[in-house]
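Multiple structures are listed underneath, in structure tokens.
What follows is a pair of complexes built around subunit A, which joins subunit B in one and subunit C in the other.
== the complex of A and B ==
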């Protein structure tokens, strides 16, 4: 039997979703040695769009064109919101750094600027977001110029059940009369009853399939100023595939994210994995933390991992375990618990207050604002209001006082809190780095 | 024992042994294993071997054979490399037994010729005989301990003939020690000798000699009272020096028999009256003769077959690889296998074998099945289920080659398994992937449902709770299709226009619905390439690939229990 290995590092990050990946990136950029525990599967549910803050307040469903103005309003009206506690300079730096890392890993984003951009969703709704991949930006540009009634062609593939150009066109028809739609056979898959987005994305990375697809779309162009396609334009070589479509069709081409789990999710996961590994972050894939113990106030933390993954000793620990889907929080019949350490969770007084009477209540549900309370250094608090351990931090959606789904701030929350917390981690570890 | 009876028995058992050896050796050229072996006649096989051996022995190859003889046959280099304990045990047995045969059994023709003063009752022979016997006993104990330590929960492949032979060997050794002990302690033997060499059996007259032999040679005189007068002993020494000493040393150096003799002292009178030394001698000799005669008919025939196999391995490749010699080597392998089971310990699919409850996957069991297939025993009516299980075992081998590299006798087991599979296929037996997929998944599920009369393997028969029966493993599936999206098998099958019947996420869904039996024969499960992309990518951390692999194992078990003999394939 091989003995389970025991590794040590400056900072151990538990959870490899958006927040954990961002924390690992920022830790590595600050020169901290870092071990990232967990697999990045939850990133597959991401659309590739990086929201900052789209809606506030939730009850009014007010959409913001300028996210930094929204943050000012948020700070005024919900000072406990995690995003309200970070200054705009930090948030800008966090986003720039994150997007730059993705770009270096081959997933390029349009310049961030100050605005939220509108993008089409696969069901024909319009969503406000901040970071838009290059492959989707032409769609956002078109929506900006909707008053000019631009001519646009949406194309979908027979058999790809999760994406219907006809539905998008029908939903938007009133506002966008010159939006046309066409359905084509995906070349080489004529015999298949059902198509899967990732398979098409991989198939389009071969020149022959790409050329045949472009040849099928070209006669349908008409006067279209742009072409929208489901997000299947390549995986590892997405940039190349997108450029080939634009060159072949002679008009801007944009992707529309499909239902999760989507190809943009696969690209984001691949890019983040490449980015953290390029920065020397060590990974413990598929490991779950069985126990987390602290060796005194000034000592180290020891993570016991499941199975053969061994253990990790760290000077600081970051909880990026998410809420319920990430299993950072567990809800039972009576209450919500933090899954690893049982840190007190800020939550409604009893289960009857978890949800509103109406499922679609405009103001959202109290359970979706439950989470960990943290001090000014992003350290979760124990029952007495003191830090649970001096170098234990929490980032991302496990934090209380936010409803990221309704506020359209998931990526913003993950990236910004990771950035802010890592500032404190670095400062504190440097302070104690005598040994 | 009269010398006529002795000689009759000796020659009878030698004849039986010789005929048996001829029969067994002829099998190396008669038995046909593998489709290519069907093409070569026995006479061709004999001719090829003789030609090859002649050309090899009278050339530079001779040194290779000599090297193989010393390193592989005598030193047992391959066993040394694999299991030090059993190597030592085996060496003790071989050396102990061989020297016993030469020095003791063949004493009149070997030892007496080499050492003119030889008497079995002189030093160092008294000591050596016990020492060699003890070597064999310790060696046997070590080999058995080594086997016990590596036991795998399945029945052993060593048959009743081997067990009987072990009993014979035990009788030979035990009767040898007892006989020796009796001869030491027996007063009757003492008087027989004094009558012959001193001409007296009178206790009074022999009093000093008796005193000496009682105190220093361990004779258990029932009528002698303790303590013995030291003066008397010294008087006896004089007589002893003249009459006895030329042939008798003090037996204390016989470190096994002498203590046994002392232990037997209280019952020596009874043993003498019942003629124990005579019937122990008969027992000893009979056991030796029966052992000699039956040697070719037990697994201990390996003492001849294994060295031949090891020497053949030293032959040049072109000789070893000719179809004709390969056929002979396979037949030889059946005899050369010593059933040590080291291959079973190293076998890559041993865990699968335990999981399936089918020892037929283990090399030592496969070797037996190969022999049974070659002589028609495996396919006899009434034992179809055993044949199907043996075939599963043969076909689930991954050809990793670890058995071959571990075999202390140097058998080319991979070649043997390849040949066996060829024969099984020729007999209409198919690999699991074939017989499972010969029917659609849903008809298998129906068979499992309908065939309640037959014993269908249930999860209760499996050593641990299968992943596919543990709700906590797959109940988190949200049917997000990630597994299907990343699956190269699904992609390829769509690409080629032959879509798989179920996608991975549909397999997970059937598990969630409790319809596992519907998945067992599905193409998705059987075409899974185990690339683990699904498992790596699953957002819920579900062990999709592990489940696929397990479903194949379960299919072999469960569908195997309801399949019919010679399914259309």
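== the complex of A and C ==
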């Protein structure tokens, strides 16, 4: 019997969400050969906004305008938090490098500043974030200048069920009196009852549909100094579509992120896939890692895959499998487990303490802080507090002692921990010279 | 000084559960004018938090034959007059290895004595029809149990009562009584939206406040003795069986599995509680139900649950009984005459299955006092189907969507296929009675939020739709979403493991991670502000 073919690499990354993609990018940038296992489906939930850190401490719901100042407070008060263990220089480098890679793949972000920017959401709330796609930045600029009562027009499309410009305008009406709204028919889809953001985005990549849409919006402009639209302005050619809208309408145009699965999520996925493949990262797209075996302390790891022929051998492995939605963690009625290896999970005493009875309880749900404990080199620990395997690392939301949904640090956690862990991977693999 | 506003009616009914609404219909059919006062919404009490079992009576044959007989005959009546709210699924009573052999042996005789058809079914044949049954089943009987939609029953009863002149005041609470000699001269009520109290003068007053009947009676200084039994139920993600499945034993925890459209509901527990505040399902109740019910239906051990809820059974009679099941499930009718009152009636206890009968008895007493001689019509008059109120039925959304949806119509809830036009119909019906619809109202009257996403996605689409239709204005939408998801969450938190835990995480990622609903009104701090005190 012949063994199925196995591919070898320096580092295998399990999970292609935000953290896995970032880890693959950074591995390649450090010259490591890399195989990334898993599809990027979880990125479709992303909004395109890259949060660094918005809130700390959660229980006080304290919002920070300056994320790097928030990080200082976090490091002081929650030293176990994954972001508290990474220095600001590394975090800046990680974000710069990530955003540069996206930019090179055609998804441009506004320059990363010191200040969190405010962005409108589709339900009319305002979200603060660090990295804002160029296509959304004009909205953030307007929100900075609300005192000047800027006139702005929001446009939506009949049939796009999750987005109502009327809702946003009404919700913000008392703070933003000159926010107007109009609903139009999406050209070519007049007969469709339900519109899907991705279809509209694709349609707007054809010049004709784009021109017809611009022509429908133009007469509605009035004195508007800017136009807001649901985030459907193109997919792969989003930059071109956005520029065409601005040129055609003669005012800044901004997108408003919508509910998943969203077009900005699709763009992020496409850009990250392009970026990792441009850097020579090999993919096992439709595969999931079923099991992971290690040949001894100094040896290699072997990944057994479902959904793809052959396995993967790697000198180092990075777990970027996410939490419960990502499937990196699973829970039955009694306990939370790490899904592939059964690595011990730091968790509350019993299910009774997992969740608060109020969804929005200010202290947050204890289960969100459950996860893997890691050493200073981002290696998950076994029950004895020792690294589970000397070259097994964990990054992203699977880590314990963070609550990204409440702290507004999802992307920051993914990108920064990927960066920090990859520093250690590179150092360690150099130390053990390739065979 | 302004005198408080003032309303007059013949009969004032306190409580808009299955009993209060059945009573409104009963009185209206007899030509008696009435008003229903409900502090929250239709079926906000036990009527909206029960198992939905139209009892054949078989559950009570050994312990309470009178109750069993009552259930049997009321079940037969409701199947005739309110067929639209009932799915005549039939039911099995199933014993598993280790269950009391004596009870199993006596069961058919008990049923016969109560006049309940119980047919022994070969265990293998039963398992062929209901493959979810345990292979350790040792005896199966078939009985005429059925499933009933209490929302539909109440909403349609109220709709008919209204068409005959009755009035419903939702979100209005009874706050006090004005006594004068042997009469209550007026009832003071307060609506959630108006600061002002309203006085209602009625010839007769019926306290149909379910578990709250004691509180209400106390307001009239006419105390009644009642105990409260909390029960918890779990909702599965998929349907487990097509019949009702009961455990064949003396009533205990987690004995019943109800098929309900696309889901199944298992329970209940029974815990004596002292107050009506803070009633919610706990993780230990959920565990108990899963473990116990899995003995009858093993798939429950690994099944995904999407929701849990608790209700309180008002039990009338001696206080201080350890297990609520030992107190009668029969109803109680108080005339309060020995407490010096001639125009107050309390009707409480009982069951969903017997609500029509309870209403009849209360109406008989009220009519006797009013000198009205018309007989009760509810046992023979079919409950009219109301097109605006059938949206709680699981199959209706998909069915109408497939067959009738217009070109402009869209699906707002993809799990349960609730369309924009269904939401519009619900809003129109609420507006027709002078109400302002909320997302929670729509949730109660449809299947929005009842599928696997538990509202995470459909709440957003429905609110967008309501803004577009002009139903929502200003910034209420965010708060509506928060209220709605908060209510859905309270029903989820005891069953968050496995797949549903991932779903809950996604809901938080969307509503907190992206929409930042957790930060409304939160303080903003920058380092300058922090450094300079």
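Simple rule for what comes next: the second predicted complex is superposed on the first by the 427 of 435 C-alpha atoms of A that agree within 3 Å, B and C clash if a C-alpha of one lies under 4 Å from a C-alpha of the other, contacts with A are read in each partner's own complex, and residues count from 1 in each chain.
Note that in this section a residue touches a chain if its C-beta (ideal position, glycine included) is under 8 Å from a C-beta of that chain, and two chains touch if they have at least 3 such contacts.
Please read all numbers here as calculations on a predicted model, not as lab measurements.
With both structures placed on the common chain, the touch criterion links A:251 to neither subunit B nor subunit C.
Put subunit B and subunit C next to each other and count what each touches on subunit A; the higher total goes to C. In the overlay built on the shared chain, the residue A:406 is in contact with subunit C alone; subunit B does not reach it. By the touch criterion stated above, A:45 is placed in contact with subunit B and with subunit C alike. In the superposed model, A:261 lies in contact with subunit B only, and not with subunit C. Look at A:124: by the touch rule set out above, it reaches subunit C but stays clear of subunit B. Judged by the touch definition given at the top, the superposed model places A:357 against subunit C, while subunit B stays out of reach.
By the touch criterion defined above, A:191 lies against subunit B and subunit C together after alignment on the C-alpha atoms of chain A.
Of the two partner chains, neither subunit B nor subunit C is touched by A:220.
Overlaid on A, the two complexes show subunit B and subunit C touching the same residues of subunit A, namely 45, 191, 193-194, 260. Looking at the complex, you find that subunit A touches subunit B at residues 39, 41-42, 44-45, 188-189, 191-199, 202-203, 260-261, 266, 285-286, 288.
On subunit A, the positions that touch subunit C within their shared complex are 45, 47, 49, 55, 60-66, 69, 73, 121-128, 159, 161-164, 166-167, 170-174, 183, 191, 193-194, 257, 259-260, 323-325, 327, 330-333, 350-352, 354-360, 362, 365, 367-368, 404-406, 408, 410.
For subunit B in complex with subunit A, the residues that touch the partner chain are 480-482, 484-486, 490-491, 494-495, 497, 499, 536-541.
Residues 280, 282-284, 286-287, 290, 405, 407-412, 457, 460-461, 463-465, 467-468, 472-475, 477-478, 481-482, 485-486, 488-490, 493, 496-498, 501-502, 504-506, 508-520, 522-527, 530 of subunit C are the ones touching subunit A in the complex.
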